[in-house]
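The chains carry the letters A, B and C, assigned in the order they are written, with residues numbered from 1 in each.
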Amino acid sequence: MAEAEAPAAMNPREAILSRVRGALAPLGARAPLPETASQGSPASGDPKAEFASRLRLAGGELLSSPGEIPGRLAAGGWTRGYCDPSLWPALGPVFGRGFVVEREFDQGRLDDYEFGITRAAGAIAETGTIIINDALTSRRLAALAPWVHIAVLRRCDILATLPEAIAALGGDPNVIWCTGPSKTADVEGILIQGVHGPGVQIALVL
Amino acid sequence: MRFQPIDRAAARLGAAERASVRGGAKSGHEKRTSLLFGDFGDPDALRRLAGGIRQHAVENLDSYLPAAEARMEANGVRVHWAPTAADACAAVLGILRARGATRLVKAKTMLSEEIGLGEFLGRHGIESLETDLGEFIVQLDGDHPSHIIKPILHKNRAQIAASFERHGVGPYDEDPEAITRAARRFLRHKYMAADAGLTGANFVVAESGRVVIVTNEGNSRFCLAATRCHIVLVGIEKIVPRDRDLALLLNLLARSATAQQLTVYTEFVSGPKAAAQPDGPEEMHVVFVDNGRTEVLAGDCREILRCIRCGACLNVCPVYRQAGGHAYRSVYPGPIGAVLSPLLLGEGFAGKADLPKASSLCGACHEVCPVDIPIPDLLLRLRARAGREGVPSPGVPPFGAWSILASRPAAWRAALAAGKLLDHLPAGLLPIPALRAWEGTRTLPRWRGGEFRKWLKRRRRRP
Amino acid sequence: MPPSEAAPGARRVQLMGTCLCDAFFDDVAAATVEVLEYLGCEVIFPPGQTCCGQPAFNAGDWPASRRVVRHCVDTFAGDCPVVAPSGSCAAMLFHGAQLEFEGEPDRPAVEALGRRTRELGDFIVNGLGTRAWPGRYEARVAFHHSCHTRGTASGAAARSLLGSIEGLTLVEFGEGEQCCGFGGTFSVGFPHISSAMGGLKLSHVRAAAPDELVSGDMSCLMHLGGLAEKGGAPIRTRHLAQVLRDALAGAGPAGIGGAA
């Protein structure tokens, strides 16, 4: 019943690959790779509008100008946070007194940051997804640990469909598609927002 | 009369647990179906297409695995190969020891359960903490997951609250939101104190060397933001040929598993952190695990290797809904488990050969599988193997004598006539065990053997 | 329009009565003959027939099953359609047998038999082109799709026939896609789960308050009917063939041959 044991001298890689080859040898023709046509819904109209509506369906929120940030944060009672220093020239001016916004993230004080503002690489309209990566995210932790994450992206970087977003993955070692705030339904199937990742996911589209 | 273990387990399942399992599974199935048919014109065509892609990948692992390895190494990833579960555990331990690491945080991976990694690491002085909420709760309780996607489908809020109180995670509070917040607070600092993070991989793309991880909670992201070493534990069969093939598979996976268009986080990880990124792993390792998969590849059930672990088959399965996941005595329950567990799990085929029999072969699993695995056909092949290997099957009558009767028309017709005697026997005295078992819960219809043939003869004689 | 009225040679079919009808449900086999003859078929009943071999196949005793399938190949020699009042038996021959004969030298003959084998409802609608059924049948009918008709045209065919009968109202019930729990030897190997599945199905059916439960498979009806009766609340079960035949009894001359 068992396959012949790989010879003791064979390294683990060869042991596995030789078993794979042996297993596949009796096959005549191998199953071909089917061609996949695009299954994304055809891009309809304004990508930003579709992104906004899908983002909301996923439990996220959209802001369209830096001026909207303080009001939204204050409404949630979130006054202490972090902002990517490269965004500060554009965003700093909107924060009045009552906010403490650090431009360096101290991971020893994780709980001090109620919000984190970082750059996003783009978005996917048909799913309401924010695309972040290593190159544009000043600190991975800043986009993840605070209760509120504000992802700042440009309207022109909103892609229409999922296949387009796959094509745009590129060489960044850590591309993350974020579709709404973190969630779980492990407890009796009841959906709860805000688990390990943010409980509030905001996209600021400029 | 001896009965099958899974049937006994179903009989013993408590009412509350059965209600949780049934309700959760049914809801999962209905939402999945509604979303797939709402979003796509022909979801069944998509399932067959995805099945074709995965079958092709499985049948070409001899070229795709080396290709994936080459890309990964070019991206700065260390690739390890583990022929057995023990090799995989040793590989993970080796990576941790080389870094002097003693604390590991884990995202959800069924493969780590399959190889017994947590226990192994514990014996070697490594603290290994589950971070997926359901798996965290399972670990706290010393319990086992009962569903591959929804590990605590069998638990209710009161049980979880009690467990949290017992283990110092938080004060007793049954509110699901409070439970979730308590876990968030507790685990947050564990991430930051950990030395390494271990994840599985939903897909490995041969063309680019990308590892794809899908989650909802953000726990995998945290493992990769808070620690300096990333270990990916993945079965050799998880290969996808090209990045573009991911589009279809991702479209089907989350809809099939959790009735979402996409899970909240889809991570495409192809190497250690970018040089300029302050947070994240400086080292990334991928451990390719065989553990019996090459044997499955060589056998007549290789289609099962297409599986992308969505759990849709569990949700629709009427047997799973009655028996619950623990009845399968295995890391992989439900229809997928009924094929994988006898083939992969250490104790050998005979020890789990009853799993493929726990099915009415209704085919609902095949109908919902996003990669179109013909599970009933595979169950039948495993039953045939059990037959060849002489594995006993309690409660199922032997068929040798019957098949002789059914290939001798004169004997068959005689039996049809003789069967009338059955009508005169009390149920407990029926000579055939199968008929006695039937009579336990159902009435047998009256015996009418030979009556149709007589009717037909009369009809043919009429002018 | 029944083809017999147009064609000189009536359409010949071989009837596979099924072992269940041979043993318990003679009226279903009789109704099948009557319905097929009404449609102008010449119905041959090869007397040497026994069973399709499925029970042994499902149990994993493939050598035993193959012996019986080989007997079917001999019994049903010929090239006309083989019609069975059972989605389960038909699927055994066109699908199951193909699995157990992989690598067997007589596989081509088994494949050939499989290609000729049709379930009754599918044959009536898609083999003979019948679009509507004449006559009258006053009843609220709950129709149960047997699992072996998944992925085939049988379920839709049966529904279209039943739905076209005057006086017949098809009623829907919950979780229609879930198995009744029979599954052949599963019903005796896993009696607890099998009965629980059947009980669940019955509760959904009863909630729709039908007059009868109809299916194209007596195996399902034997299980559900037997459960209901044992439980003290019997339900009336009828096979598709019986409903079609009984509807004809209500048909006047003008009703015969009417097509939608």
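We adopt the following convention: a contact is a pair of C-beta atoms (placed from the backbone, for glycine too) under 8 Å apart; a residue touches a chain by one contact, two chains touch by 3 or more.
On a predicted model such as this, the values are computed, not experimentally measured, just so you know.
Participant: Could you work out which chain's C-alpha centre is the most distant one from the centre of subunit C?
Facilitator: The most distant chain relative to subunit C turns out to be A.
Participant: With centres defined from CA atoms, tell me which chain sits nearest the overall protein centre.
Facilitator: Centroid comparison flags B as closest.
Participant: Go ahead and note the Å separation of the Cα centroids belonging to subunit A and subunit C.
Facilitator: Distance between chain centres: 52 Å.
Participant: Whole-Å distance, subunit A centre to subunit B centre, using C-alpha means?
Facilitator: About 27 Å, centre to centre.
Participant: Could you give the separation in Å between the centres of subunit B and subunit C, each centre being the mean of its C-alpha atoms?
Facilitator: Chain centroid spacing, subunit B to subunit C, equals 33 Å.
Participant: Using the touch rule from the top of the page, what residues of subunit B touch 2 or more other chains?
Facilitator: Residues of subunit B touching two or more partner chains: there are none.
Participant: Residues of subunit C touching 2+ other chains?
Facilitator: In subunit C, no residue touches two or more other chains.
Participant: For the complex, give me every residue of subunit C touching subunit B.
Facilitator: Subunit C reaches subunit B through residues 17, 19, 21-26, 29-30, 33, 45, 47-51, 53, 55-65, 67-68, 70-71, 75, 96, 99-100, 147-148, 150-151, 175, 177-179, 181-198, 200, 222-223, 225-227, 229-230.
Participant: Residues of subunit A touching subunit B in their complex?
Facilitator: Contacts found on subunit A: 1-3, 6, 11-13, 15-17, 19-24, 27, 30-34, 36, 38-41, 54, 58, 107, 110-111, 127, 129, 134-135, 137-141, 144-145, 162-163, 166-167, 169, 171-190, 192, 194-198.
Participant: Any idea which subunit B residues touch subunit A in the complex?
Facilitator: It comes out as residues 20, 23-24, 27-28, 39-40, 46, 49, 52-53, 55-56, 58-62, 65-66, 75-76, 80-83, 87, 131-134, 137, 150-153, 156-157, 160, 176-177, 179-181, 183-184, 187-189, 191-192, 208, 210, 216-219, 221-222, 224-226, 236, 241, 243-248, 250-251, 258, 260-274, 276-280, 288, 290, 294-295, 297-298, 302, 349, 389.
Participant: Could you please specify the touching residues of subunit B with respect to subunit C in the complex?
Facilitator: 3-4, 6-8, 10-11, 26, 316, 318-319, 322-323, 357-364, 366-367, 377, 380-387, 393-400, 402-407, 409, 412, 416, 419, 433-434, 437-438, 440-453, 455-456, 459
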